[in-house]
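Note that subunit A is present in both complexes that follow, paired respectively with subunit B and with subunit C.
The block that comes next holds the complex of A and B.
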């Protein structure tokens, strides 16, 4: 049945049937068609495969300079901090999440607030990973989002009233939640955020209508998966790539969520760094940390994995999104592939069906930890001199300079792919870090051998750079530099445009082919969220959330000094062409 | 006219006078709230501080507040990755969730080298000396002089990410790795020792003793020879924001008196741990 509907949809799309916005409950079919339907934005990524490509062209290279604000909506509240949310839009309503686990429903035409939901956070909660939220998922009559205290909340789209609420995990054990959930085949799929110690990354699938758990799949070797309450096989092979019992506290949090490709029927999730931080104490690959893991949503089992950074020693989380697309090979055949701009500075292209590495190239100018990714073996060629020393064996330790810094060549800011240009648009950052052993370190009740670090810009004039890459050749087609580090995602359109925001507060439109800046608007606070586009009453709209914050001011070392003049905020901006 | 204008000033002066009268000590001590000493202690940290069971640091906070003639307000601190983070969250700045910071925090390492890295606070008034030791099951390991048993058939428990963890995992190029059992905290590790799941646990002496409790029959907590880069000795004390000289002076004086009088030693005994007084010369580096 499912297959039949899917093929019908594909046929309809091939026939060039225009897909307007549908009112009423959000269905699986509507979600799978989100990348093509123009009247709504039902998913994080503007399509479950995360291409962030709009088929609209009413706003284009010729007229984008006439783009003006239609309205703006302020989140208000006493607390601001980073606003990393992507709005979702359905049935004339925009659903947008905000910092501190808040959600708003706004009339898409007028910007009038329809309702607000403030999640009540437990007293004394100290979430590990900032107070951001990246957005909601839509299903049926529900809008579903995760909270800082690791709960999943489903609200009625019309009233904002809680329909169901489920605990993802214990916040007191270090778990949190900041990503946008993914809905696939009636399942709402979530990862986990959390501190490095004691948590184990996994993907959970729940019945989206009720919140009841269906399957759970840990992404660290040795842990048992479950399906419908029954054991569903352990992940990998216990102790194959972790010494002793280190797999039990293996880290690998899945804090940036997942993508899904209907053609392969696979859910792709990126996994974080292994714990503990000191790589010398856990020799081996430490699977499946710092990897892309492909899971069949019907079975909750891992189909393939590809590890971007084996035995990570730099905090190169591999959580970045895996964005599927059609790539024409040298032999003229089209392969379903996936692109991922990893924290470690390399852009990876894998076969989306099998995981086989097809291409890998650096997307930042300076990478010190590996000289290249060997395409034959699929493994990095390490520069051992540039691995941080072992605090346990080497008391004094040397200072190692590593690039990218642990904030990554790319972090949470999403890439976009245009089937028109065949290019990926990557919001990249050029920075490195000094790492040294700190023999005198303390944590709760104990002295331990820690490490110190300081993030440094690599260049005087810029840290951020929006870059266009050809995934087949690895060629950098163009770049636009930015003084502050880029922290907001990109979007590209049929109108030949790339939209992205900057911490300096601008939303910009570039020519997708040349990178030439065609339009810019100052939103009043830094933009660290991805823009979206949709159509209503025959007009194309662009929306983006503005509000400076995120990890840079929290962790940025010398870099934080470059951006400490930026003001916080919290607003949803909507633009359309001037009449 | 002039009378009306000066009235508010007179009133203000009266208020200041009243405030000084009601809380002279608080004014002098640069406290956040007059008459109240807000003390941060770690949450879930037996035998030092536990919301239900109290502990050494809770008793110490009570004694310190009483000695200074102040009302105690405990702030339960969630530990972050490092003590630097805890000092920022609870002593000199506050966490971005908007918590109320404390006047002082207990169990902070009094270490001048470390204090150089966190100049926003002053680390002072050490109240005991802590050592890294091994608690063991005497039936399984009657005698223990070095780590030899853990190269063969005995498992040793550690707190994940703690000092014993980093030390043992790296020791002898990792030859002990397969014998090391990681636990969420020392409570779980000592519980596993009691259940016979591990033969020993390495950790701070006071934690091991306090967690074993009143009846330590069948168990011993002792030092062993440890070589390699490991800190086996440090001195917990108090952290106060560096710009509060009067509070710093008062806390330093009160704690020294409590250590000298045996009041601190009595608190340790009550919580089933031996007491090692702080050394004047501090921790060796």
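The block that comes next holds the complex of A and C.
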């Protein structure tokens, strides 16, 4: 009898760890279990593989219409620019970052501020596309985030005091940092921003407790990687796909961060456009730009790569997240696969172990640069007439109309995957651009584009569309159109729901099977950030950051009239079911 | 709820609060500055845990009238306490928007520290010397000022590229018959966070080490310490300082070496 009581107690304690919020320091095990644990959100992507799927179903298709605000928290200040942050939640505290490299710790129950950290930024920072931040990482007693002046700061979760700070790179050379860091096996893994300034993309892994660098892996061919201070092999083969010295300023920034799958033990990072934009200056594939690159976190070496846009000439900046999932093939076998809705308008499905292309289909209605992705060769079938012309000695090369526009069929707004429906939910945008090349030479810290452009909507009634796709067949199951371009990520739940926000300010809940809108709330400013969900005191909560901004208002061209009436803001909204 | 019903609920807490206040006042001697300061608030926030003694041996030298509210020279001199076991010295300003100015631990140097600070308006400056037995020996002085020092942006903010010289240390050691003296400066904006749109950004930790790597003094500056702070220490028995190390609240490191 006694023994039984004891074992029941142990079972209850174990259940407490896995189901409810675990207090104390954040461990590697907790991070790997984040997709399943309901009492916290420890990682960007609600799990290191980035599925953005919550196993909670207390809020569901039947009762979501009763969702009401629990509280809201204002970021304040005059620094109300784009708020692209995903909150992380641990031990009753929400950690949320804001524009201009700010971070807040807020009591998850009451919305009361616990502390605030405002990073002091130099005047010369060079973020290309608004002064955003996408969120923080948790490890041990630390909350870690990157800043616009390319620093990585680790703060004490309880006090907000800086525990360590390391420089990622020189902001004066164009480096910046806007993504949420990823923590894997005690390493905090970060990329770099600055692809418009001729920097070189890479991933860095640091000891998350101390900030000490462990390995660094460039993602442009020809550059040396390092492990524990020693040379760890050159990335690729120098000059194999880049002529002359072009690889030295090859871009390929890793500005949207990385995902990790414990089953393959690989870190997946999307790499940005090669620099400069003018592709005629760099004939060749320009590896590993516009690719998914898989890196072993133990060795800091590249295991495989798949290039989505070889020799990119349109700024199809393929940083988009690679989200791993189990896919049942035609032969009935399950493969560990990864889905990526690329800037270039195609949705790619690769074998997560080997990188082999399994499927590729357009997720936008109009794609001009390639007629298809050949599943045999894994390469795009280009339409050469639609590559912007070589300016040669002239001031300007031939202008072409391209779709998608350089802002992409999908940009930073994150996709979600539901194992219940087997569907990916993609916040897509339909737009094209006139694009032309201009002569260009590299100058440290200066914009390195060599191209001009003008963005145009393709349709009168919408740019944005939240779409559900079957990754096996490429079939579009449903879509919900939106007048302004979508810029916030999606989340899906076991409750049969898909949540996403719009620039018009709404947070919406759709039926994950049909796309039917079941609930909507006006947050007061545009939503350009992904929602999250967790549970506390037996109730399920939904949170999202609201605050219009990001790249659209800065680069919008003819799109501007659909968004220029939107007002800025900066708030964290938390919702629960009405009692 | 009617007014009559509410009243009795109010009365009891007020009575208790009054009793507590008078009890606290009984332990603390009267402030020599009288109503020119707000000693009771300072004592409650910063000088807790032991008997309070206003002691003329804790001297604070300030100009009677501060010409530059951004740079008010202050010298805290407790060398007259020779023989007392000093733990640390806490300096505050009664009428600044940020009250604490700095803390100083004269581990192996003389209990003397000179520096510059910002004042927002005329205010008492206090230096509480905490002894190892828990007693506080407190000195006070009043500085008159036109004010505004805490809510103005740092001058360095307007200079492009301040981050390139951030935390640069200049230091010199002087010898005289009276002993060795160290003076050092660190280039830093020391922003209070009260100027519109400029976050608090200040050095919050400094350690001074001797030739054998021992920490001989520590300083924890707060926001009111002036931009590009300059500190002067009397080294007493310490022959040579070789290193000044610290960091700011953003985690930027300070490291200066004396040859």
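Just so we're on the same page, the second predicted complex is superposed on the first by the 533 of 579 C-alpha atoms of A that agree within 3 Å, B and C clash if a C-alpha of one lies under 4 Å from a C-alpha of the other, contacts with A are read in each partner's own complex, and residues count from 1 in each chain.
Just so it is clear, a contact is a pair of C-beta atoms (placed from the backbone, for glycine too) under 8 Å apart; a residue touches a chain by one contact, two chains touch by 3 or more.
The shown structure was predicted, so the numbers you read here are calculated from the model rather than taken from an experiment.
J.: One more residue to check, A:57. First (subunit B), second (subunit C), both or neither?
T.: So A:57 meets neither subunit B nor subunit C here.
J.: Would you sort A:124 into first (subunit B), second (subunit C), both or neither based on which partner it touches?
T.: both
J.: Who touches more of subunit A, subunit B or subunit C?
T.: Partner touching more subunit A residues in the overlay: B.
J.: Please indicate which partner A:449 is in contact with in the superposed arrangement: first for subunit B, second for subunit C, both, or neither.
T.: first
J.: Of the partners subunit B and subunit C, which touch A:421 in the superposed model: first, second, both, neither?
T.: Neither: A:421 stays clear of subunit B and subunit C.
J.: Tell me which partner A:354 touches in the superposition: subunit B (first), subunit C (second), both or neither.
T.: neither
J.: Going by the contact rule set out at the top, does A:79 touch subunit B (first), subunit C (second), both, or neither?
T.: both
J.: Which positions of subunit A sit in both the subunit B and the subunit C interface?
T.: On subunit A, the residues that contact subunit B in one structure and subunit C in the other are 79, 124.
J.: Which positions of subunit A touch subunit C when the two form their complex?
T.: Touch list, subunit A to subunit C: 77-79, 102, 118-120, 122-124, 149, 151, 153, 161-165.
J.: So in the complex, the part of subunit A that touches subunit B is made up of which residues?
T.: Per the stated touch rule, the residues are 79, 81, 121, 124-128, 130-131, 173, 195-198, 243-246, 248-249, 275-276, 278, 280-281, 283, 390-395, 439-450, 554.
J.: Give every residue of subunit C touching subunit A within the complex, in rising order.
T.: 160-163, 189, 191, 193, 196-201, 247, 249-252
J.: Which subunit B residues qualify as touching subunit A in the complex?
T.: Per the touch definition, subunit B meets subunit A at residues 42-43, 45, 48, 76, 78-83, 86, 89, 95-99, 107, 109, 111, 113-114, 132, 159-167, 169-171, 173-174, 177-182, 184, 203-204, 207, 228-231, 234, 285.
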